[in-house]
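I'd like to ask some things about the structure below.
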Amino acid sequence: MAIKIYSKYDKVKYLRKEALPTALCPGCGGGTVLNAFANALDELGIDPRDIVVVSGIGCSAWIASPYFLADTLHTTHGRAIAFATGVKVGLPDKKVVVISGDGDLASIGGNHLLHAARRNIDITVILVNNFIYGMTGGQVAPTTPFGAITTTSPYRNIEHPLQISETIAAAGASYVARWTTAHVYQLISSIKKALNVKGFSLVEVISQCPVQFGRRNKMKEPAEMLRWFLKNSVPLAKAKKMPPEELEGKFVIGEFVTRERPEFTEEINKLIEEVAERYGLGDEDAD
Amino acid sequence: MYLKSAYEIRNKYLRKDMLPTIFCPGCGIGSALQYTLRAIDDLKLNPDEIVWVSGIGCSSRVPGFVNFDGLHTTHGRALAFATGIKLANPDLKIIAFMGDGDAAAIGGNHFIHAIRRNLDVTVILINNFTYGMTGGQVAPTALKGLKGTTAPYGQFENPFDIAQLAVAAGANYVARWSVFNYLQGINSIKKALQKEGFSLVEFLSPCPVSFGRRNRMKTAPELLRWYQKITVPLAKAKKMPPEELEGKIVIGEFADRDRPGLAREYEEYKKRAKKMMGWEG
Amino acid sequence: MGWVMKMQIRFAGIGGQGVILAGVILGEAAAIEGLNVLQTQDYGSASRGGHSIADVIISKEPIYDFMVTKADVLVALAQLGYDSTKEELKEDGLLIVDTDLVKPDREHIGAPFTRLAEESTGLALTVNMVALGYLIAKTGVVRKESAEEAIKRRVPKGTEEINIKAFRVGYKEGLR
Amino acid sequence: MKYPFPVGRSDFIQGDEAIARAAILAGCRFYAGYPITPASEIFEAMALYMPLVDGVSIQMEDEIGSIATIIGASWAGAKAMTATSGPGFSLMQENLGYAVMTETPIVVVDVQRGGPSTGQPTLGAQGDVMQSIWGTHGDHSLIVLTPATVQEAFDMTIKAFNLAEKYRTPVVLLTDAEIAHMRERVYTPNPEDIEIIYRKLPANKEEARYPFGDIHGDMIPPMPVFGKGYRTYVTGLTHDEKGRPKTVDAEVHERLIRRIIDKLEKNKEDIVTYETFDLEDAEIAIISYGIVARSAIRAVRLLRREGIKAGLLKLNTIWPFDFDMIGNIAEQVRKIYVPEMNLGQLYHLVREGADGKAEVELIPKIGGEIHTPMDIIERIKRGV
Amino acid sequence: MIIRGDEPEQIRLLKKLYRPGNYFMQGNEAVAYGALFAGCRFYAGYPITPSSEIAETMARELPKLRGYYLQMEDEIGSIAAMIGASWTGFKVMTATAGPGFSLMQENLGYAVMTETPLVLVDVQRSGPSTGQATKGAQGDFFQARWGTHGDHPIVAVSPVSVEDAFWETVRAFNIAEKLRTPVIVLFDGVIAHTREQIRIPDPEDVEITYRRLPENEEEAKLPFGDPCGDGVPPMPLFGHGYFTHVTGSTHKENGLRDVYTPEVHDRLVRRIHRKIESHEEEIQKWEEYFTEDMDILIISWGVSARPSLGAVLRAREEGIKAGLFVPKTVHPFPGKRVRELLKGVRAVLVPEMNLGQLILEVQRYADDVPLRGVNKIGGVPLRVDEILREIRGVA
Amino acid sequence: MRREMLFSGFGGQGVILASVIVGRAAAVYEGLYAVQTQAYGPESRGGASKAEVVISDEPIDYPKALSPDCAVFFSQEAYDKYLGLVKEGGIAIVEKDLVPHRRPELEEKLRVYALPLTEIAEETTGLSLTMNILTVGLLTKLSEILTEESIEKAVLDAVPRGTEQLNLKALRKGFELGEKARKGEL
């Protein structure tokens, strides 16, 4: 099948017109993510009525909130996945999607991310990793590359970035992939897979923030950042053969896991059926 | 290794006025504690330079019983408190004594971020699959099907493998044993204590009262037999197909590497700052 | 010992003796009889080995206190339990002890409950039922039948018989 | 000692920046934080300055971690601070209580913004007043300071550290987005002219055995910091004088909590500060604090011009609260007005203090704009 | 999920599982059963003493009623998950104690701001901090009112006995649903662990309220407006195709954020306050004893109310004209009634298990009447004789 | 003496920096009291932008401008929104090219100076960005509160390293224009 990219105007039907224009800065990778998400939905033919989008706090939380025309829950900082857990249990037949940033989901919200992966609850998380807290003015994030300059690591970052995809794969997710905004086709295809996987799925998108990150790290233009992504991306298969020191500063891209594991809402509903049977609560005739 | 009597260790390192401990008969925390104290003793570490930190739960009461500086904090936050102590006084060695609920449920986030930063701390983690102190609720480490007061029909969630999580997040040293592997346990703690950066020694530890009783293993020996059944040494596990490993717990040393610790990195950072601002050459 | 309006009963022992369950069963029995009843407990942080106290207030009138203010009856199953709560027993109150395990410094009655439990059921754990039987026989605070019904409701499934057996041993001892 | 900012002269800086500089001059050498509008500039300044003065500035994974970290640092002997805003302040409440219970000197800056919840991140408010006093669970007491100008933000930050160290207690500096982002002239004294207080340390091993005992009779135990060989044990559980957990002993609990509360209550004279403006002969009193007090001063001036005898009490400390002083004012005046950027918070405390002796009226305003002097004047004139 | 239309099946299950009649149970269990009868079918929690029995009971019973029990990774996750579930139509609850309550404060504010119905049970224990975990207290009175940041109203109810715990929990759900607001059950460790008799009613005799749902697209477009004129907007649930946007940031009537316009914030936050204030009469509940002719008024709440009643009865026997006022709704405080009662009273005593919190609330309405606190902390409940002694002292 | 100034335009024009320079000159180099505040919000992301400075010789109570003595308008939106606030007889500086629709009835009571500021800046320094600094110079001369020296010092404190001369050039052009304007030669 030929891959076809729709223009963003075509996808405006998926957006809340009264909320536009978005508050994203020019050159932000968030637009690419929104577009990729809309394309993925469109290709899968999913009705927006069957989706609930949940987000936290930060620029990337604004990618879908309030712009995406579906039920959208814009929550507190770091807690989107916990809110989404409640939504998914309540609406097991809907697709629950969390779109938010690296600071939101992996710093303050890291624990919820880990535990949702452990539970393998059927939520799709699109984690937009731009290495920075964009909205509050460019502070260091747990994903900021070693050595990068930010407003709270003005002399360079001394902490090592959290490898989100690797960690979440270890925590038990069903599907994990990482791409950059320079890999749009792969990104769309991964979001589609993620939406179809039964279980916890994570698509980590390395995305450019020229204003808060690029500017302080000699990449003022979005294009410079995209070139940086492309130059340093290493496919997973190749990365496996590389020694760790060579991988320092690289972005390993690809699909980390695709596997079937028991899913949380199915398991909890199975349990309820078992209990009903045990106590003879099934139906009136059983009385 | 010359093994001192338990009495000698106890006499040397415990606060007499805090005894007896709160631990139930058959509990494994005492063993893990003894291994830790033995490791300290063997290494001839100076107790005045060690701070014990803990959160909330049965195992978190340990810093109260040992005669060291100790900070018994809020639930899940021990490693964040430890970050403050270590960076404010890098000469101190920090031991965090934690339970699985404390470290991996409520404290999961501080756990992975402390590892990411490579905070200089040795975590002794007591994994007993349950919240012992609050009466036996299921913990995120509880294997599928195990029972707890909040999973009266058997756990339906998937469990965490804390040691693997620590490896993935980048810890310098990670090992897991059951409290019955005492030599390996002591050796691992000794290695961990000598490591710069983050080190973790996880112990599978029996809780007959809150956990065992609800899972048809009322006594410590029954739990011991169960541990023997479900644990697989790393070397052997590597040769086993995944389906055979289902429901098993791998024990052994999982990581042993030497990335620089946070305290040292911060010292470098200060130097760099002064250089950048022209304060120092 | 006669009681008209209100009786405050305290069980005191150490964790693991089933002290609280004894209190709960006595409370349940009183409830079955339609009496006003209130049951509370206090225990140390250790699940095993710390002090463990169960209070039961039974009254024909409404109960306003959430605690035993002065006990009419104290059932002590361990020295630690006795020592930590003996002050709360009324001067003319009734002290019941496990005579093997508690050495009280005042007038008391009792029997070697733990030993009786082991001998009759093979399980020292049923000491709480033996003591409960003894208490009910001595005070008549609730009827034997109500207590047995309460035991059936409260003990783990499959252990009803063994617990009732222990209860009857204590009850018989109390009638002596 | 060299400072990374000008000292001994005036500068024109934002409230956030002033707080950071003052903290460093007060001896703060440990900062842990998490970015949040409108407090981030404090963090950014700390990140810039701290490594230069051999201090630590670290970004934690969340606000819970941030306050936990500074408590740890304080027990390792450092003067420590964090800064946040509403949502982060809510997250810190549990460990703020821990600091109260363990008598750990720390300074927490809450830069208030429009709430509840995420609300209006960039706009000022005074919505966290009662939260700063009552936000953590259980009976407790701490100190809350409320600056009204950037200079006061500077001065009160130093004071906050001094009070924290002197009384071994957490101190909340309760400011707001308006002051945080406002630039004003700030005079930074020469460091040798600044009075700096350090916590009392144990004089000897014997004293160190009672980290929570009133051994000097002033209700403030010396603090045996870690690493000195004292083998101190610190717990948030109810503990006795030696620090041993006593979780079922009612008397120990009562003794501990009463002392923690009394050490502040009984030293109110030292802790509580306020300023009055034309209050001596006033018939109408305005009681105000923080940024709104500035509108209130102007209102008083304008009212006086019109012959209305108004006066102002500007509170610099809102907890502990001097109920008696409010009572005295209530006896003197006809009516008390409380303008606040909320729907009535400090107002409740004023009413408790006034005890029915004078009518108390709230002048609320929310939405992110501070009261104009006219907002206050109109309301008062309506009553005259 | 129990929403309108699902009642017959739920009543059938309740009837099958719980026979009406007298039971002997703990306060915590009573709260759990109250929730189940009120229609709660989603619980997300984290273990903490002395509230854990509520979680345990819910874990055991909810699956039988086709409801969901989730144990989350922490208290923050618990309240977040239940807000998410509430937006899918569940009646939701969590229970915790002081430290967990402190952690939930941020998202409690979120629930206020997004007008999400939920019930939060705080089983108060001795604090601050970890304090005395197994001991009861009443130290969170003001935290319940002011614990989250920003201007917000709050509703809190406080039961005085085990039986009351059942009914106050039901009432908490009804208020939460009716007014689209979080409601706190300010419970305590003493009653939580006390066993008493309680009458479990026939489920059909328990009156329960459901949140108002939008009747048409127009109403659904104003999830934070006031289309019905009573300040309580109908709640357009997720999954119904309304494309609702929910945010904790300041938002317009249609739910879209506007965090810069002062008027939008003013309108929103004032309506949230007004919807509580204008329904105060329905929310208010209190009990009075001997208030027709009294010299001395005792005002007490929760666990301290019952020994207070015992003391008042004893005082009356001694000829002291004492009366008792017990607010069951503690926030918003029934100040109007208290102000009336205070007229002509010589002295007021406020017994509570803290160092004086309710007394500050009473102070706002007490002009010139001397107030005295009867305070006790450390986990041991106030006793009849202790309160009686204080009454004699002012008689 | 209390003087209030308003600076308004849109993000990227350096509105806030201009206000900081004026405040700084007053507070640090003139020994006066000064408060500078700004509107945050979407306005810092390319939307409308507003800043205020209050200067006084005594401590400043109310920190916001009630009715500005001087105001600067760099955009039509700002002009429409805030012109009405300016005090009678006050000074209004208008970027002529960016404010095409003027309201003579409101301007009547004010001293209005409308100039193609951006264009002049570009001609002077080659950089339209220096328009804000040029305006500060103009305002300094017109408002007569601050001296040239203090403003120059404040500009040097505030602008990025390496751009000092460029900005001083713009500033001095502003002084020059202001001088002319005062003399009525504009």
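Think of it as A, B, C, D, E and F in the order they're written, each chain with its own count starting at 1.
Convention: a contact is a pair of C-beta atoms (placed from the backbone, for glycine too) under 8 Å apart; a residue touches a chain by one contact, two chains touch by 3 or more.
This structure is a prediction, so every number in the text was calculated from the model and none was measured.
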### Query
If you tally the C-beta contacts, which comes out ahead, D-E or B-D?
D-E
### Query
If you average the Cα atoms per chain, which one ends up farthest from chain A?
C
### Maximum centroid distance from chain F, chain identifier (CA atoms)
C
### Summary
Whole-angstrom distance, CA centroid of chain C to CA centroid of chain F, is 86
### Query
In angstrom, rounded to a whole number, how far apart do the mean CA points of chain B and chain F lie?
62
### Message
Report the inter-centroid distance (CA atoms only) between chain A and chain B in whole Å.
### Response
31
### Query
If you average the CA atoms of chain C and of chain D, how far apart do the two points sit, in angstrom?
53
### Junction residues of chain C, two or more chains touched
42, 44-45
## Note on the structure
Contacts with two or more other chains occur in chain F at residues 41-42
### Message
If I count partner chains per residue in chain E, which residues reach a count of at least 2?
### Response
63, 73-74, 76, 99, 106, 110, 129-130, 133-134, 247-249, 259-260, 380
### Task
In the complex, go through chain F and note every residue touching chain D.
20, 23-24, 26-28, 31-38, 40-41, 59-64, 66, 154
#### Entry: chain E-touching residues of chain C, taken from the complex the two chains share
24, 27-28, 31-32, 34, 36-43, 45, 64-67, 69
### Message
Give the list of chain D residues in touch with chain B in this complex.
### Response
2, 4, 29-30, 32, 51-52, 54, 56, 58, 60-62, 64-66, 68-78, 80, 94-95, 98, 226-237, 242, 244-245
## Note on the structure
Listed in rising order, chain A residues that touch chain D in their complex are 57, 76-78, 103, 107-108, 110, 133, 135-137, 139-140, 142, 151-155
### Query
Which positions of chain D touch chain A when the two form their complex?
33-37, 40-41, 43-44, 47-48, 51, 57, 59, 61-63, 87, 117-118
